[in-house]
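You will see chain A twice below: alongside chain B first, and alongside chain C after that.
Up next is the complex of A and B:
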């Protein structure tokens, strides 16, 4: 986290980076409002990759219910906030 | 209650039957509990339908992955495995990752995971997650009655010039080549010069084998002779033979051959839904398993394989007497090819149009995709598919579609 970056901004950046790695797309191609359906790669397999990258990045384990419910960057950030990652 | 993935249990059945009917295929035979229980029972310590995984949202079933438990031999070591067989997710949750989560849960039970007949639409889900892929089982075909066999070939092929079909037909045309193939067993110059063929053992007019009921102890004993020559196979125990063929749901399998000589497990398919009147109710011999006797597979390719060839030709002769017009066999390996060619089979290749039999006969489907195979093993070493033995009955590939 850079000195000027808030915890929430850092969380958002790490989520975008995780998605970028999972879907093998440029970070610039993953805006804060990115959602499933924007990328061809974000299908069922891509989504599992996103979930696994997020789990690895944040040291979390997501339930099936949580994993299936995540459809966007915002969904992921909100879930992580609930788990104290943006505090 | 949140969405969760759980092992199948009896209480799921009414909802699962409705789910399969509504979201997969209406009135499919698998919606019959007896067939479902048999298909997903499998064999070995994990036998039972609980290897299947069900995604449940509250009380509603939203996903299902059929998994058939079995025991495999992976490079000589016993390993637990599952064959993935049916993958269904409700439409609104497709691309949610639920399908992949079902797959991951099923994989966790096993060191070996295989799937046959993978749809091209989802093939990437396997190949991108570590599965090795064989595009099609090797398919060997054989005419038993020329005119009937020709009727099975696509209409346009009967008049194709000889230089385009690889049948070495001096008279021209697939039809003449098939007639000669059928009558004499002559397939190619190489096979014609084979001493076993020269002795006349490959003719379908040889002595017919007498079919008997599936005998699991005999088959298991035969299999033990050569089972350890493969890198990856189902460990074909007595329990396996009994489950897969003796009490099989919907199909009647026969054993031809026997102890000491080698055996063939086969069934006769009655052609239904034929697009030509002359094919209605004709029979096709589906050779499902080839189990050598004696030194068995250790003898390939140099050993004396005449006993196995004799069993194969005897099976063909029996089928011909029943009125069968064609025979086929499918396998992930080409190790059995020497015996098959000596028995007059020819491996399907794109340029040999005389080998282009339909994939399905009951009902007849001329355009169905060939059976492909994906496999993932725990040691992550590459898989040499020629050192594997997967056949038409592995996974859920040899199961009735009408009940």
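Up next is the complex of A and C:
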């Protein structure tokens, strides 16, 4: 985290990094508004890897309900915020 | 996709796609693909063309419906269940006839099964016991096939260090394995792929202070180092040393690269009673205050190894970073701070995995130590000729057979420097090649007055219709170079050529990044004539070197040598 980066920006960056690892794409290819279905590699199979990497990155364990409900970078960031990761 | 890539195909009756990126990570020259979901039998029965390694994951209740009933606590027939597993093991064995290597994972109870408790092993109906017998069928199939191996799910489960199954991923997309489990599986598969491709690491170079023992020997003194005893820290180092000793017994070489005073450090190794590793367990060391990267280069050269064979283990991140920067070929694993975590870190490397073990592997440290004595003899001998005569080199020439095949294939695949064409062959395909009409593979065992080197030379020969004996493979382990084996092999090719009625011998040098040493030999006094990368000899102009005693058993065995063409 750079000194100028807010906690929320850091959280967003780490989410994008996790997605880029999960889908094996460049970080630049994962915009902040990336979403399942809209973004090519993020299909239902890719989503399993996204869930796995987000859990590992933040040390979280998501319920089935939560994991299925995540559709976009914004959804993931919001969920993590609720769990205190962007504070 | 890189056409030269090593192609790994993952075959499963569950969703195995997420494993692909873990297997491919950090591995150059590997292409991982995934067979269609739940098409295990059709995939294995299909042609599998272009696949180098097929890795098979199956759920026991999908292989055996009868076991599925057992797991559901319904009435079932155990004999039928075992017959179903045996049938699947047989299918794997057939698939192994089409692919250079097939790896099958052992069966474990599925994650959804209720715990059988003590019933699992209680009597012949126990499901754990039936699964153990099923896995035994797998092992027996692997024993009968040269290119079917079994990978252990239980080892991966232990290595994962976290729940191996992820019920959520299963519910969402039929993925069985959790992320830590995928990492553990990937480690095993990469280890196998490296072993098959001859990339097994051969030498571990170890730091001493806080790596092999706790504390700084130069400050604390050997008496106060933390090692063994009733001290939990000391006990952790002792366990780590036991692991290293086991690897050494399996053929991995150990060496020391440490910033210390040599006499002080050696005294600790000799006198500290809890040392599991003794001086004789190390093939060499550089204990001084110089740069570690420079020390590694020097030591590795002395041992006639390549840097790509080396693993460097050091607790100090700065030293690791220095070696990583200077010597990118050396594997420098991240190392945990806590000595209790050392054994798991060593286990997770998988870079010492081998498919089979030869007698040479088990005796390797002894051979390297003999080598040190040989070099010392060279230093005390006057001329090189005198020294060669004093060595009393004996060479035994044998055709390829079942007994020496694993070692011959290992030599062919692992040797980079004195290797004419760097052709790589799995054991089965080497045997096939040797069995073809007009082909022969000769193996060379070498011994001298200091001891046995084992099987260290290989010639692949082929009689061409134009009366040329072509040397297709010419491989010599670098630890016997310059002792007359090269000339003895040429002489053996000469007698094969005479027997087959060939008028000339030809070897074509195929340059690789590392095989200049064989070119140096070919360009030396031994070569009769050179035409481009072709080197030619007359069969009568290949005399065996005078200081070498050769016993040629290649003529005694029927059906192998190239002279059969005329019989």
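The definition used in the following text is that the second predicted complex is superposed on the first by the 87 of 87 C-alpha atoms of A that agree within 3 Å, B and C clash if a C-alpha of one lies under 4 Å from a C-alpha of the other, contacts with A are read in each partner's own complex, and residues count from 1 in each chain.
Here, contacts are C-beta pairs under 8 Å (C-beta built on N, C-alpha and C of every residue); 3 or more make two chains touch, one makes a residue touch a chain.
What you see is a predicted model, and the numbers here were worked out from it, not measured in a lab.
Novice: In the superposition on chain A, see if there is space for chain B and chain C together, and answer fit or clash.
Specialist: By the criteria stated at the top, chain C and chain B clash after superposition.
Novice: Which partner does A:36 reach: the first (chain B), the second (chain C), both, or neither?
Specialist: A:36 contacts chain B only, not chain C.
Novice: Is A:56 in contact with chain B, with chain C, with both, or with neither (first, second, both, neither)?
Specialist: Only chain C is touched by A:56; chain B is not.
Novice: Identify the partner contact of A:27: answer first if only chain B is touched, second if only chain C is, both if each is, neither if none is.
Specialist: So A:27 meets neither chain B nor chain C here.
Novice: Classify the contacts of A:7 with the two partner chains as first (chain B alone), second (chain C alone), both, or neither.
Specialist: Neither chain B nor chain C is touched by A:7.
Novice: Out of 7-15, 25-33, 43-51 or 151-159, where does chain B collide with chain C after the chain A superposition?
Specialist: Clashes with chain C appear only in stretch 43-51.
Novice: Could you list which residues of chain A make contact with chain B in one structure and with chain C in the other?
Specialist: After superposing on chain A, chain A residues 44-45, 47-48, 51, 63-64, 67-68 contact both chain B and chain C.
Novice: Using the touch definition up top, name the residues of chain A that touch chain B in the complex.
Specialist: 36, 42-45, 47-48, 50-51, 63-65, 67-69, 71
Novice: So in the complex, the part of chain A that touches chain C is made up of which residues?
Specialist: Checking each residue of chain A against chain C gives 24, 44-45, 47-49, 51-53, 55-56, 62-64, 67-68.
Novice: In their shared complex, at which residues does chain C touch chain A?
Specialist: Against chain A, the touching part of chain C is residues 15, 17-18, 21, 166, 168-169, 171-173, 175, 179, 182.
Novice: Quick one: in the complex, what on chain B touches chain A?
Specialist: Contacts found on chain B: 2-5, 55, 89, 93-101, 104, 124-125, 128-129.
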